[in-house]
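First subunit A sits with subunit B, and in the next complex the same chain sits with subunit C.
On to the complex of A and B.
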């Protein structure tokens, strides 16, 4: 058992190193073999439980791995997405030279993600978790000669949250007197709350929540596309939400009365709304998707933050669904990019005839993310709505408003890319190769299956995570509140009507959101956002550079004391002494008289 | 008796070797180079041989009585042997690198004898059990570093060397005053006698402050730090030696020796020292973010990281002290690598100004990757070694309840990430500023050295169990738990 657990970490790691050194023809196969083996082991180990511990670094830093239902499920999901993305990459990277880097980074990432998921010791978790920074940097930086700026941005933002996580882990370890996740059970006291907040910052920012989000849209433009499908869309979300649930369910036992629950819900609600507002006005396929990748995290955090069983189930189910449809959407963007050569919405249009299969996959995933029944997104969103309404109507209203805007922006996207008139430039476009279509097809199919037969994932994957909290009942089907369902349907129809009217007035699918973009208050905020006033990274770097200037002047001031002040005082002093003994007869006489007087007055006193 | 002999050889082989080096040059220059490498390797190997002994809690002591407290005392415990291993190992690799680096310049005899003497003095200082003996070795390092910083003999370089010498010697004179007061208060210069006496009579604060001034000036901590970035005019292997292996680590080591292992510091100092270290870490990190000279940036980074080590040693818990010890190792490996990479860049592109550099990744990939690896270790990113030392120090700080100080150092860690990426991006990525200039990669021997530092930083993280175990045992011995 122990060796099998370790193999989750070592098989992808070794394969990653091999993929880096092997020749072009073999490296893809090597990567494929590794993810297939990884996937098979994940299936084999699903629903099994094991803990194994090796002594490692002392100070409670034992190399302890734990496989239980929850980590087994997430590992299975991660293995599934990696498998599909590797298959897709076989086609995507066919005529690109840098595939060795990509496969290596992807496999090493998978290894680290597996390690972080299995970790039963917080230090091991941090070790793998923070190690992902390296592959994150590498994967973005390989996107082009200027991509390193985005890579640095991503690295710095994620590193800040990882530093918070590190502080949180140190504090938790100190309060709990152990670093073993399975043994930690802390009350949310004053220090306990601080530890919870620090850990939660690490978790939600890994998932891509605000205010740690701003690298994702930049990376969407610079990084190679399969990167977006594997890290920000699936593995990072799985990892972040997994750890958030571990904190809330196991380590701290968050309950609805806690102010921390409200905090999480606020973070979730703000993320939903602001990110989807940004998504609405994007003019680029990949960038639009990336804002949705941020916005959807808001739903998961909102669901888990409610601390109600129904909300947690909804949040976790949404995590799974989101990974399915969002990686599918990114893959469709990738095939459009590869076949047409651009993802700029202004240059696209009418692709439905050229790429029908890609369109079908896109349509299924878009319907899922918009929460249209009977696709999977509908069911998870309903659960979250239910819990949000129970905690406070304002959260529910924001969540539903987010759904409206999501639907509106996907109508715009789909209309602009696939419908309408084909452009001149894209006449001889062909459908994507099979190795790229297959993963999209599988993901779209899974979206449908997890929607219609939603009891399958709920009963076998999600509900067992909550164990006794959920008592006897099953949440399959729907949340059981028909009012909420009717509101959802009304909102979706509203979004459709809004889109049709807007297109009719403006005459262009791309301008369907312009009346929001350029209306009054919004236009001001949007122009500020475009100037990066709301990008915490841009603002923070400016601030830090100012602070650094101050520190620099402190440093120069100290140096001035040594280089100028002390030397000048020394020279001035020696000049005075020099003058006193410059060889003038009269000065020596005066000094002798002064001396004699001093001696006399001392003696005669 | 055999172990005592080994101990004496570790110190005196390099010192005597340094003196006969110029004569060996009469035979052949490459023989001289090989000899200096062999001498340092000798110290490394023999220090390593002592390790199994001291790990069993054995302490090797040599004691010869001299009047007026000037006893000749050498002690080899865990702390001393560990420090000797780290310093001699890093120095050996740096000397190997110098073979190709320094061969273009004059005064090579002086260079090699000063480097070897430097290391010998370091070994002597590490094993000294008597404050006066320690002071003597301390000043030998000051003289050798003065010669080495001014190696290129230009007016500006000599002024910088003078500055380094004056600041550190001013500090060490204050420290000598502190040692004399210590003698008055305890009646001895011997550390083990002092250790017994202070259990009854605590040392006065003025004495502690005087000794600390010496330590801070040697380890380039605020407000005595500005000589260190200025010392960047020295040849790159020298700066690597000063920053990573020997000079600045002397102060840190003596701090550990006196204030952790001998006189447990009293309560107010447990706050004062972290505060000074924190200010030092932040100010120098800020300066590193503004400066445009590659070697000065890395030098400010050293000052900043030294703050972390002082923080670790000022904590009175095991994990913090062990973190500080581990930090000496990890920082030494990574910082030496960074300086040697900067040396390759400087020598091949003929500039250190990062605004004039760029796009060097294409022409010097090995250097670039080595630089990046070492930078990751300094930033404390797993799986590199720096991660563990940083975590352990932060963890120790929070255990003491110093939340604010912990937050300060986390901010310092963030600045570390920013300035190292700034340097890396400007030097190795982006567009070439001067594409007409043909730039080639460093010589194979130099590349082997930088790549070894980079790989060792990685391996030290993956196989953390071994160094960490030694650090833990050492920390326990220093705290007197074992």
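On to the complex of A and C.
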């Protein structure tokens, strides 16, 4: 029973290796089989608890896996999303020849994610966590030669945050004297807070929060699309938020009085607002979605950062909902890309008649992400609003402003892609094949079910995670605060009105956000953002180059000492000696005698 | 039996130089290749052999004492592998028979020197063997008869001699203080606590000499020229193992189990280590020649090992040993990659050889493996050693060092990715001129080393249990 946990790591891993070497016709089936088996085992083991430990490397590094309710739930979710994305990829990669790499990377990623979720030892966690770097790099780099630069950028950014995690783990291990996650229970003292921050940096950056986000929009353009749906949209979010909650709930007991809670909330609020501002002005389907993938993480971090049970439940529920609708949205983008050949909003329009089913899936997911009742996004956002309002009105205001902008940008996106007049170029576009429609349909349907019957996921998945903290009340239904609901509805209607008026004035759905883009203060910030002033990677590379220049000149100076100074001095000496040594051996004899005299007088003194 | 590690190469060397016609380069190549592999194999399975604890009077053949411990076994294994690789590289890059034959002879001498350094149990023979190794390598470097190679050799020679002066002087002090040259005797002298200033002075001198041999900043002047201007095969040998054995191994051995020192020395070693890490990583950024970049990277990685040795806790020493092994393997791999590029395009200048990803699939993939391992990405070996070093630093409360070491690994990653992009992934019109294919033996080396990197990374727990943890005695 316990050793079955290992199958979560080995089944996808072996299948990944097989997918890499098998011929084209079988590799898809191989991948499909692996994810189906993985999904079935995840269902079978859900709600069960197990710990499986192998004696391993010594020095406290034991290979220990732990399945409890929380990790079982996340593993189930990860298995669900990878199953759908593999089905989708069967259609997406039908006439592309690099599918072997993709399936291999996807399955290996799944294996590593499972490993990281199950890990009960921080070293094992780090091993799998950092191993994801390789597949991340590979998946982006397979997008073509231009993608290599993006892959490098992603690699460096994620590697830096992983190093923070490594430092955090080293510090935690030092403080707690153990590396077993289940045994760690640290107070948030001065060093404890530092360890918490380092671990949290690793967690939130895996989830894609600011300021570790800047590779995601680039990857959206370069990497193959199913990659976006599986890693940044679902698996990485699940993993990052999972670990963040583990830190907050288990390893350290974060409580609302702590300044770290405020820090997390600030990071969340900033991420919500800045990313959605960027999303608003994007002119590309995939890029716009990728900024939303960043922005929505802000809600989860804000919810968990409140350290109130209601906020944590909201954050975790939002994580699940976000993975549902965002992977659905990315998949619709993939269908459009595959069928039309572009995701540039200027070249799209009127697709509703050509791809009605894709549009329905898109519409459901867009309504969910905007937080329209009764879709799932509404309920999780209400929980987060509630918690944010209890902790500080400013956080609530930012969250609601984020909702307004989210709704506005999705109105713009949907309008530009699916409504409006069909263009000449898309005349003979057809609906996507069944294998691509099915995952989208399932995801959209789940969005609706998790919305209307929101007690299902809340009661069976999320509330047990908090255990005793939530003993007295259940959060199913709604937060129960009708003022908040009314404000939300007003904001959403405001977004709709704003969109209609803006379209009427500018005459074009694409330009619906231009008045924000080019207004006073914002235009300055946007132009800075376009110059990459806000991209830590670009700034960092510039800085390192400057420092390297300085050190290089120091190195040359040292080399000059060796290469020029010493040789010149030597030559100068040798010139003098050369004059003395004119080749008369009698002089050498004299020298020897003088030398011998000096030595003897010293010795016999 | 331990003496066989020295005697067999020595006898082989003698036989090869007998005046018989049939002893040509071909025979010499196969015999020595077999010898190197057998050494690696023996070191690997040593603890399972029935005769491992069985000593015969053969050891008496030498006037000095030999000692074999798990640390020495790991070193012997690494030596065997790297020397084997160097031989294969020489086989495919050196053109004339005569030169290959000379190369093999010198390689055997350096092998004898290194094996004996590892096995020596007294400080004077340690020194002598270090010098034997160094002299063999001087000649190897100077085989390449061009101006730059000679210049590189000369720099190494001069600085190495300065190091020798330091080490010899301090040896004199040790002998004066302890009246003995064996490790045990010197250890006793340190414990007796007599003449402490005297001994500290000697250790200081010794340390300076070792720093030159290791090539750490600011004693690194000779490294970039020596590594980059020598023959490819010699670069592999020198960067992969020679400086490691003659510098780092000695440092590890003496400072961990012979000298008894106060904390200041540990701090000095750590400081030198951290300076090397950061300084060389930054210098590597501005290189346009692959071999030079690899040289600076070598300095930086040696910095990690030195840092860990300075930290001195058992976990740190474990990390140092692991990193030693990783670095020897990965850096050899990268130098073999450089040799492949040089073979194919006649240059290692990154402005000339660009955009080669498609032409050299094996080289580009294996070089990626090598650099990711050095940058410390799982599941490659480099991840474990870097992790262990960092954790050890944190556990020893050296937070500042731990942080800088962490941040510097970002630099490592950055300059390697820069190199990888320039050489393999940039799309350019002007491709390097093709000077013929990459021979199979080079590809074989690349694949073998990459396989070791991945295999050891994945199988680390097993290796830790069967090989590294045998070090326990060494780790106090």
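In this text, the second predicted complex is superposed on the first by the 574 of 605 C-alpha atoms of A that agree within 3 Å, B and C clash if a C-alpha of one lies under 4 Å from a C-alpha of the other, contacts with A are read in each partner's own complex, and residues count from 1 in each chain.
By our rule, a contact is a pair of C-beta atoms (placed from the backbone, for glycine too) under 8 Å apart; a residue touches a chain by one contact, two chains touch by 3 or more.
None of the values given here were measured: they were computed from a predicted structure.
Asks: Mind checking the superposed model to see whether subunit B and subunit C fit together on subunit A or clash?
Replies: Overlaying the two structures gives a clash between subunit B and subunit C.
Asks: Does subunit B (first) or subunit C (second) touch A:455, or do both, or does neither?
Replies: Neither subunit B nor subunit C is touched by A:455.
Asks: In the superposed arrangement, does A:20 touch subunit B (first), subunit C (second), both or neither?
Replies: Neither partner.
Asks: Of the partners subunit B and subunit C, which touch A:131 in the superposed model: first, second, both, neither?
Replies: Both partners, subunit B and subunit C.
Asks: Once the structures are superposed on A, label A:547 by its partner contacts, choosing first (subunit B), second (subunit C), both or neither.
Replies: A:547 sits against subunit B and subunit C alike.
Asks: Touching A:123, do we find subunit B (first), subunit C (second), both, or neither?
Replies: A:123 contacts both subunit B and subunit C.
Asks: Between subunit B and subunit C, which residues of subunit A are contacted by each of them?
Replies: 56-59, 123, 126-128, 130-131, 133-134, 145, 148-149, 152, 155-156, 159-160, 163, 166-167, 170-171, 173-174, 541, 544-545, 547-549, 551-552, 554-555, 558-559, 561-563
Asks: Which of the residues in subunit A come into contact with subunit B in the complex?
Replies: 55-59, 61, 123, 126-128, 130-131, 133-134, 141, 145-146, 148-149, 152, 155-156, 159-160, 163-164, 166-167, 170-171, 173-174, 541, 544-545, 547-552, 554-555, 558-559, 561-563
Asks: For the complex, which residues does subunit C have touching subunit A?
Replies: 155, 159, 218, 220-222, 224, 279, 282-283, 285-286, 315, 318, 372, 375, 377-379, 383, 387-388, 390-391, 393-395, 397, 399, 402-403, 406-407, 409-411, 413-414, 417, 421, 425, 427, 460-461, 464-465, 469
Asks: Please give the residue numbers of subunit B that touch subunit A in the complex, ascending.
Replies: Contact set of subunit B toward subunit A: 163, 167, 222-223, 225-227, 282-287, 289-291, 300, 318-319, 322, 376, 379, 381-383, 387-388, 390-392, 394-395, 398-399, 406-407, 410, 413-415, 417-418, 421, 425, 429-431, 464-465, 468-469, 472.
Asks: In the complex of these two chains, what residues of subunit A are touching subunit C?
Replies: My answer: residues 56-59, 63, 123, 126-128, 130-131, 133-134, 145, 148-149, 152, 155-156, 159-160, 163, 166-167, 169-171, 173-174, 541, 544-545, 547-549, 551-552, 554-555, 558-559, 561-563.
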